[in-house]
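First chain A sits with chain B, and in the next complex the same chain sits with chain C.
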Partner chain A sequence: MKPFITIIITGTFAALLPLLIGDNPYITGVLITVLMMAALASAWNILGGFAGQFSFGHAAYFGTGAYTTMILLYQWNINPIPGIMAGIVAACIIALVTGSIVFRLRGHYFGLASIAVAEIVRLTVLNFEFTGGAQGILVTDVALSGLDLNSKNPFYYGMLLVLVITLLISAYLRTSKTGFYLQAIREDQDAAASLGINISQYKNRALLISASLTSVLGSLYAMYIRFIDTNAVLDLRLSIEIILTAIIGGVGTLWGPVLGALLLVPLAEMLRTNILGDALVKAGLVSETSPIGIFLKENLAHAHVLVYGIITVVCILYLPKGILVLFRRHK
Partner chain B sequence: MLTIENLNASYGEMQVLRNISLAISAREIVSVVGSNGAGKSTMLKAISGIIKSSGTISFNGAPVSNLPPHLIVQRGIVHVPEGRKIFSEMTVVENLMMGGYLHQKEIKKNMERVLTIFPRLAERKKQLGGTMSGGEQQMLAIGRGLMGNPKLLLLDEPSLGLSPLFTDVVFSAIGEINTLGVTVLLVEQNVYQSLKISHRAYVIETGSIVLTGTGSELLNNQKVKTAFLGM
Partner chain C sequence: MTTHLLDIRHVNKHFGGNLAVSDVSFSVEKKQIFGLIGPNGAGKTTLFNCITGYYPVTAGDIVFDNKKINKLRPDQVCKLGMARTWQKVKPLGSLTTLENIMTGAFSKTNSPRIARQIALKHLETMGLADYTDKSAAALSIGLKKKLELARVLATDPKLLLLDEICGGLNHTETAAILEIIRMVRNNGITIVFIEHDMKAVTSICDRIVVLNSGEKLAEGTPEEITSNPAVIAAYLGGGTNANH
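Take a look at the complex of A and B:
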């Protein structure tokens, strides 16, 4: 019961946070991204961490959710709520087709094939007219009765709700029989099979759960930003950021992916807005006019992926189980 | 109980099993002995469906060749793989529960049976699998297999890497399991010990069966003596 209570308490605190911040769209925006990345990494973790199946193409499910909801809204004026449901169905279809073929294979075929599927989805969306092609889809007005969607708060609570649901599912899975079967598959697939566990069925279950949650997040993101194109929601970069968030935080743990997002998203934001570069100048460590100062000013803003990479390497070398281990005394 | 006819299996271009035919009757202990690389483990993997093969394998009259592993387990053939392959991050009890996957209702009864056969495991219920000694892990692997209510238990090199003391424990446990009504197909490099407890045995060399007989016949066979027992 303990993890469930922790999740609910943490979720309640997070729900009160907007009252403390008040009307500060910038901070709220950053927090929405933190919640989204935490939820994405946690959803990925159900498949990658618990079942040990590394998906390198989760952007496919994110993008499917985003595009399904947006197309339904834009072309047929369908309300976002059924749009989110339709997104889940579409993501599950893609997941089932991928999983039922690829999970029959052994080794790392799933990881490789997940990239291929994500690229197929991306290229398909890019080349069709009803998806907006390379221009993407822009929706200027989203109406949902009773909610002010011009404010950021509904999206804060939407992302928080999905994160809490994802964590509750994860906590449940860790203690349930299904969770043990997934762990057995992760530890030794042959041994699990030799006990009568239907390996591909359990992998598919984990994939379906993970893909559905990811798709909901994609739909929320699309409604929040109101503009999507393949670069924003279907890019390989997104898939990799999801994986890195989970790995740096702690793969296979409950809170690791959340921790990863709490660390990486603000860091990326600081780099993007060049707070870090400015701070170095202000502290007198680097002169603004020196070659290093100019270089930092021009390039640091684009460097967050590079920084992710460096953190990942450091983590793999010194903290292979993720940063979460620093917060635990044992195991 | 288990009949194999003209079993062939390959890894890519390399053929590992050539026209293997053998039969096991209910309640027997049958061992397959042979040197490293003779194809013993491959044969077990083909029976349990982990690798594809050609030829016919039938179990209690029904064909089971090339069925997916989880369906073969459902028929009552349980494979205890080489190298034990226990779940190292799970406790002894959790490992055993995993073995009871297909027989949830009988978990309690089966667990008691396993803990009676291996009292050592009863002492270490809460220990993580990965922290146990090789012999204890082997007991756990066999115990986990027994949780699946096997009619036929396939044991792959259960004495591999064990101390003489644990080897004796494991072999006497195999005898005990057999007296409980479980048929055992044993694959071993420890030729002397396995022939001693087996009703019948097959000698396999480079993928073919070259010799067969009762355990004691083979123990006294000159060829077996010079090739495997160093006598």
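Take a look at the complex of A and C:
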């Protein structure tokens, strides 16, 4: 029962946060990204962490949700709520096709095939008329009765809701038969099969749960930004960022992916807006006109991927189980 | 209806041109302890893998509990009531001892509470109670073998296939495992086991099949097997070392 209570309490606290912040669109925007990455990494973690099936193509499900909702809205003016449902259905179809083919294989084949599927989805979207092709889809007016979608708060609560649902599902899975079976598959597939576990059925189950949640987040993101193209929602970079968030936080744990997002998103934001560089200058450590100061000003903003890389390497070397271990008491 | 629980009928297994199991037939009766012996490379583990659904057989039939099972997957075979252990133990490393056994118990229930009760019972009989919340990866080889036994017993099998369960164990540990095997049989579970340790095999088995180079060399009671000249020649070393 303990993890469920922790999730509800943390979720309630997070729900009260906008009241403290007040009307600050910038901070709210960063928090929305934190919640979204936390939810994406947690959803990925159900498949990658619990079942041990590393998907390198989760952008496919994110993009499928985003595009399905946007196309329905743009072409046929269909309300976002049925749009989100349609996104889940589309993502599940792609997941089922992918899973039934590649889960027969072992080891790294699923990882490789997941990249291939994501690329197929991306190239398909890029080359069709009704998906907007390379131009993407821009929607100027998103209407949902009773909600002011020009404010960021509905999206804050939307992302938070999906995150809480994802964490509750994860917590439930860990104590249930399905969770035991997924972990058995992760540890040893042959041993798992000998205990009566239908390997491909349980892997598919994990993939369907993970893909559905990822798709909902894609739909929310599309409604929030109101503009999508393949670079924003179907890129390999997004898939990698999801994995890194989970790995750096702690693969296979409940709170690891959340911790990863809490750390990485603000860090990327600080680098992007050059807060770090400015702080160094203000602290008098670096002169603004010195070569180092100029270098930092010009390049640090583009460095967040590099910093992700360094953190990942450090984590793999010194904290292979993720940063979450630092917060655990040693037995 | 026969009293046979497991029928191996003219089973062949080829890997490319390599004949691993060749026209092997035998029957295991209910409540028997059945030994499968033979030198390294005789095809014992290959035959186990065929019986439990890991390898498809090239030819022949495997009949378990009056059902043909040679087209079934390992998990389906397990559901019918056949469980196996591994020559090289396969603990679910990051799970605890209790969780390992619970994973087995889930094959007959969906409830974590009931699975836990079943697991605790087997933990107790196997003498693993002190290691309940220890990570399975940290157990010694002897304890891992016991854990594997407890885990397959939790699936509530009719037939237990043990692949060198005494391999790597000292005399005391071997004696303890053999004692457990007798107890398991007395609870009505049939056992087929592969073993290298001749003393262990002859002391416990009701019936023995000897494989050599993929073929059945002999079948009989332990006394018949240990006095069979062909077996002595092939397995015990040319007759000069028959008392080994």
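Rule of thumb we're sticking to: the second predicted complex is superposed on the first by the 330 of 331 C-alpha atoms of A that agree within 3 Å, B and C clash if a C-alpha of one lies under 4 Å from a C-alpha of the other, contacts with A are read in each partner's own complex, and residues count from 1 in each chain.
Convention: contacts are C-beta pairs under 8 Å (C-beta built on N, C-alpha and C of every residue); 3 or more make two chains touch, one makes a residue touch a chain.
No experiment lies behind these values; they were computed from the predicted model shown.
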| item | value |
| --- | --- |
| Chain A as common anchor, with chain B and chain C clashing or fitting | clash |
| When both partners are placed on the shared chain, which of chain B and chain C touches more of chain A | C |
| Which superposed partner A:283 touches (first chain B, second chain C, both, neither) | neither |
| Partner chain in contact with A:20 - chain B first, chain C second, else both or neither | neither |
| Which of chain B and chain C A:180 touches, first, second, both or neither | both |
| Touched partner set for A:317, first chain B, second chain C, both or neither | neither |
| Chain C-contacting residues of chain A that also contact chain B | 180-181, 183-184, 187-188, 190-199 |
| For the chain C and chain A complex, residues of the former touching the latter | 52-54, 73-75, 78-79, 83-84, 86, 90-95, 99, 102-104, 106-107, 109-110, 112, 115, 151-152, 155 |
| Touching residues on chain A, where the partner in the complex is chain B | 180-181, 183-184, 187-188, 190-199 |
| Residue numbers on chain A that touch chain C, as the complex places them | 175-177, 180-181, 183-184, 186-188, 190-199, 252 |
| In the complex with chain A, residue positions of chain B that touch it | 48, 50, 68-70, 73-74, 78-81, 85-90, 94, 97-99, 101-102, 144-145, 147-148 |
